[in-house]
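Have a look at these structures, which come just after this line.
What follows is a pair of complexes built around subunit A, which joins subunit B in one and subunit C in the other.
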Partner chain A sequence: MADLGRAALIVTFGLAVYSLVAGGIAARRNERRLAASARNALYCSFASTLVGAAVLATALVRHDFSFKYVAAHTNRHLPVAYTLSAFWGGQEGSLLLWLLVLTGYGALAVAINRRLLRDLTAWVVPVIGGIATFFSFVLVAVASPFDTQTAPFDGAGLTPSLQNPYMVAHPPMLYLGYVGLSVPFAFAAGALLSGRTDERWIVATRRWTLAAWMFLGFGQLLGAHWAYVEVGWGGYYAWDPVENAALMPWLAATAFLHSVMVQERKGMLKVWNMVLVALAFELSVFGTFLTRSGVVNSIHSFAKSSIGPWFLAFVVISSVFSLALIMWRLPLLKAKTKLESAISREAAFLYNNLLLVALCLTILWGVLFPIVTQLVKGETRTIGRPYYDFFLRTFGLPLLLLMGIGPLVAWRKTSLRGLMRTLSWPMAAAAVAGIVLVAIGAGSSSPGLIAYTFSTFVLATIVVELVRGTRATGSLFTLVARNRRRYGGYLVHAAVVLLAIGIAGSSAYSSSVERRLALGQSMTVAGYTLTNRGVTVDPKANVTETRAHLAVAGRWNGTISSGDNQYVNPPEPSREVGIKTDWLRGQDLYVIVDEAHPKTGLVFVQVLVKPLINLIWVAGIVFLFGSLIALWPDAREQRRLVARLAPAAP
Partner chain B sequence: MLAIFLLYTAVAGHSTPTLTPSQMQGKSGKLQVVGTVVGKLHGDSHASSGLQFQLADPQGHSAKRVAVVYHGAAPPPLFRVGRSVVVTGVYAHGSLQGTDIVTKCPSKYTSSAS
Partner chain C sequence: MIIVGVLLAAAAVVLVALPFLREPVAADDRLDAPTEADQRRFMLVEERDRALAALKELEFDHRTGKVDDADYRELLGPLRQAAAVALRALDSPQE
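== the complex of A and B ==
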């Protein structure tokens, strides 16, 4: 069986090389039949990768421990869902998933666009073929999921903390995002190679970029929620290199999604868009290099693996290739128009882009800092949370404000007076919110206060826009249905506001108290009184559960339990926190029991009250919904597109 | 923009040296030590004498050890002998007064046997 998998990957590698080489020659010489053959090779590479993936999935389900991969990541006790999720639970499997998604996405994107954008897709095929060549090479030669051994009786199993539904969904979401970014990248490279640098590549890949960005964003929120409920330190994001590795390409893609609108509308920012799409793609591969190479210290202890240098080489080669392409085609990337006013929609997009890219690069600097100091000073120095928090506020708060102003500014130019008139309601709403917040004591944190006033401002602008549009069309439904991209975007903006409120609320206004409680003793935190009611130990088949029980009175009455689980196979502990959500306030009572002594009933407990934290998770759902509206197929838009692109195609 | 963050990292100095036990010679002050927990665990992090343990080089290249006395919230559940950890604290007279311990998650990319 393993031989079939191995053979399938070798076939994929061969097909990928063929679509790279033959596709390149075909595009260069404009040979249609050879181009069609290279394209077919790309389609077939998806099929052969699918065979390889099916072999691995079958081995997992059959508990075939003769596959080293299956033995290392599962065991007989593991439920089916987690057994299957082990497909992306390890390095080799996740690379296979990457290749599968890449060839699938690539084949689909090429198939959809091959008629309308023939000249361009002829070059997209070898670019995707090139990326697939790299991944299939790594899978065949460096990290094969099909290595075999004499089958042991049982496998090593999956760490208990990863046996969580969020961990089933989080990694593939991120992969769909990372890999999805290679489609716009390939089309951008195709546009440069073919010399067709008008906005067609952007229009053709808009949904691909949006989908990749949606998966990447939602995947990160799933990961954050997993950390919050499962890891149990009370936080959800630690600015760890592995987390930053997902955030950076997302920020670059966010900038790209905004700046392409300027190119579509005004023919400006062409070079910038090329740079951004390359940056987003390179960062997604660079993130993989960072997390697998062991060059930076992360709380996610990824084993130092042999694939690191290969990824670094790929990042370097593809970055040089992208930069060289852009430099070569610089004369074709001249802007059609100039920025006319500093108060215009295009200027607002430009500010948004500068802030997003600045945030992205400061995070990159933070991630690279230990490597840089090691090279320069010979001593590794790490940058901590204060650095990242500082820049999140410095760049994030103006971004939030801009999110309210930008959509209301007209293209070309707006007079300051006209803008002020449009913004009068939102500004009044923000002022009232600010006064009320200070009155109820939210002034204790100025970043928190600023975030809340800005958030009110943005929400008010969205409401103003909806009211204005509904008045014009007569129905909110028609309004949104006719302008899915615009109003989907507003909904995503609303999600970002909810996220900002959630982050500010849970960090700037949280309370935390640590106490040692003897049996019957109480403590009070932010309106909750907790009393130690004792410790129980419950031995079960594969796990012993130790729990401290605390009676809660005050804002909520009931019992909350927290402690730890000690598993037998694999022999790992996991911390089990107690969380009680108050949906009215969006607030969580979060109880971490550090130590629980069953005999004496003595416990060490940390109690956190996190206001508004649940808005972060609500934001995830709103974000998904808004992205889906913007993505939803629109027949009228498609007709407009065909009419616009057809004359340009030879 | 570049100037802002270069200035910020230089002036505000939020960076902390991250060292392995073999690199501790001649160092002092606030730092982070990356290492593997070795020897025996003594005491209790909530008690005045603290939780005491030793750290060895993560890859075992050197025999150098660092003694750690840790005070504060109980260490994360995965903390135990043999685990890779990052301890932040103040280093003086050959001993690290730890204030924070982060255990590395036995993540998906490490085989559970380690």
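== the complex of A and C ==
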């Protein structure tokens, strides 16, 4: 069966090279049949990659340990869901998933647009073919998931921390996001190569960008929740290089989703949009490089190997290619109009873009700094949390404020007088919120107080927008249905506000106490009293579970258990935290037991109370809902677009 | 299994060669790229749609109170003019 997998990947590689070379020649020489042939090669590359993926999935389900990959990442004790999730638990499998999603996305995007945008898709095929060539080459020559061996009786098993329901969904979500950014990149490159730099590539990729951005954003929140419940340090985001690797392309894509509206409305920022699309794509490949190369120390770098130099070479070559293309087509990207006023919607988008890109680049510098110091000084120096927190506050708080001001500013220009009148209600709401927060003692943290006040301001602007819009159209449903992108976007803004409230609450106002507790001893934290009721040890087939049991009294009465699991295969420990959620307050009682002695009953325990942390997870659901509203196809808009693009279509 | 692999490769070759198998000799093998006239028309449609959308947006912003009467009057004229220019250009015979 491994032969079939290998053959499938070799076929994919051949097809990808063909779609790159033949597609490039066809587009350059304007040859119809060769272009159709290259397009068919792209479709077939998806089918052959699917065969390869099916072979690996079958080997995983059958526990076929003659596959080195299956033996390295699973064992016979692993439940089916985690056995299948091992597909992306290792390096070779995750690269295969990258290629599968890339060829699938690419084939679908080309198939959908091939009639309406024939001149553009002729150039998109070789670009996607080029990216697929790289990934299929790595899978064929450097990191094959189909290497075989004499089958051992059992496999090494999956790292315990990956045996979590969130890990079944989090990596594929991220890959759908990372790879999804290839589509707008390929269309942007196609537009530059063909010299057709009008809006058509934006129209063709609008939903692809939005979908990729949604998957990347939601995938990160799933990852954050996994870190919170599984890694067991009480946090959800540690500014780890691999976490940052997913955040950076998301920030670049967020900037693009905003700035592209300026190009659509005013024909401005064409160069900037090209740069952002290229940046988002390069950062997505760079993220895969960081995760898979082992070049940086990260708890998320589950696989380390020699693919690093290949990825680095690809990032460098594709970056140079993108920049050269943009420079070459600069004369075609000149804007016809200028910014009319510093107080206008387009100006607000520009400020938002500058802040988002500044945040993205400061994070990039934080990620690159250890690598740079290693190269220059021969010693690795890392950048810690205070650096990232400082820049998050510096750029994040003004971004939050802009999120409220932007929607209330009109396109082209707004007078200061008009703006102040429009902002009066939200400003009053924010002022009241600030006074109330200070009165109830929330003034102990200035960033927290500012975040809450700005959050109130943004929520008030959304309400004002919805109320005024509903009055103007007569119905909320009609209002949203007429402009799903805008009102879906407002819901996403509301999700960001919830996220900001959750982050501020759980970091600025959290309580943490560490104690060594003998049997029967108690400790009190933020209204909860915890009493040590003893330690149990429960040996099972592949794991021994040690748990300390703590009776809780106060805001909640019951028992909470925390400890660790010691797995036999793989012989690794896993920390198991105890979490009790108070949904009314949105807060968690979070218990970490570092040491638990079964004989004496002595435990070393850390108890955290994290106010409003659950708003972060609620934000994820609101974010998903808002994104889906913005994504939802609009038949009326589609008809308008077809009519608009038809004159340019053959 | 290797036979399945060979069949897979053969099927891929046939599909890739299909455009040439269907039309061994093509009367016109040029890719149907938009002509200069198509391209010009598309740009004009883009400008017309942009101008009309801006007008619609201004109306909505005025109705919702985002744009006051003074700003509305100031912005309306140039936008109407831009829309009229775009519409006239689209109606005029192409060169």
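Heads up, the rule we're going with is that the second predicted complex is superposed on the first by the 639 of 650 C-alpha atoms of A that agree within 3 Å, B and C clash if a C-alpha of one lies under 4 Å from a C-alpha of the other, contacts with A are read in each partner's own complex, and residues count from 1 in each chain.
Everything below uses one rule, namely that a contact is a pair of C-beta atoms (placed from the backbone, for glycine too) under 8 Å apart; a residue touches a chain by one contact, two chains touch by 3 or more.
Because the structure is predicted, anything quoted here is derived from the model rather than measured.
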Inquiry  = Let's test your reading of the overlay: on subunit A, do subunit B and subunit C clash or fit side by side?
reply    = fit
Inquiry  = Let me test your reading of the model: by the given contact rule, A:E379 touches which partner, first (subunit B), second (subunit C), both or neither?
reply    = first
Message = With both complexes overlaid on chain A, does A:A156 touch subunit B (first), subunit C (second), both or neither?
response = first
Ask   = In the superposed arrangement, does A:D198 touch subunit B (first), subunit C (second), both or neither?
value = second
Query = Between subunit B (first) and subunit C (second), which, if any, makes contact with A:R575: first, second, both or neither?
reply = first
Request  = Considering only the touch criterion stated at the top, classify A:E595 as touching first (subunit B), second (subunit C), both, or neither.
outcome  = first
Task = For A:G527, decide between first (touching subunit B), second (touching subunit C), both and neither.
result = neither
Query = Which partner does A:P370 reach: the first (subunit B), the second (subunit C), both, or neither?
reply = first
Query = Which angle, in steps of 10°, is spanned at subunit A by subunit B and subunit C when each chain is reduced to its C-alpha centre?
reply = 150
Inquiry  = How many Å separate the nearest C-alpha atoms of subunit B and subunit C in the overlaid structures?
reply    = 28
Message = Help me check something: in the complex, which residues belonging to subunit C touch subunit A?
response = 1-2, 4-6, 8-9, 11-12, 15-20, 23, 26, 28-34, 38-39, 41-43, 45-46, 49-50, 53-54, 57-58, 60-61, 63-68, 70-71, 75
Message = Help me check something: in the complex, which residues belonging to subunit B touch subunit A?
response = 1-2, 4-5, 8-9, 12, 14-19, 23, 32, 34, 46, 73-74, 76-78, 84, 86, 102-114
Remark   = Listed in rising order, the residues of subunit A that touch subunit B in the complex are 72-73, 89-91, 94, 156-159, 161-162, 171, 231, 233, 291-292, 297-303, 305, 354, 358, 361-362, 365, 369-370, 373, 379-384, 386-387, 390-391, 394, 514, 516, 564, 570, 572-575, 594-595, 604, 606
Key: subunit C contact footprint on subunit A (complex, rising order)   = 1, 3-4, 6-8, 11, 14-15, 18, 26-27, 30-37, 40-41, 43-44, 47-48, 51, 118-119, 122, 194, 196, 198-200, 264-267, 408-415, 417-418, 421-422, 465, 468-469, 471-472, 640, 644-645, 647-650
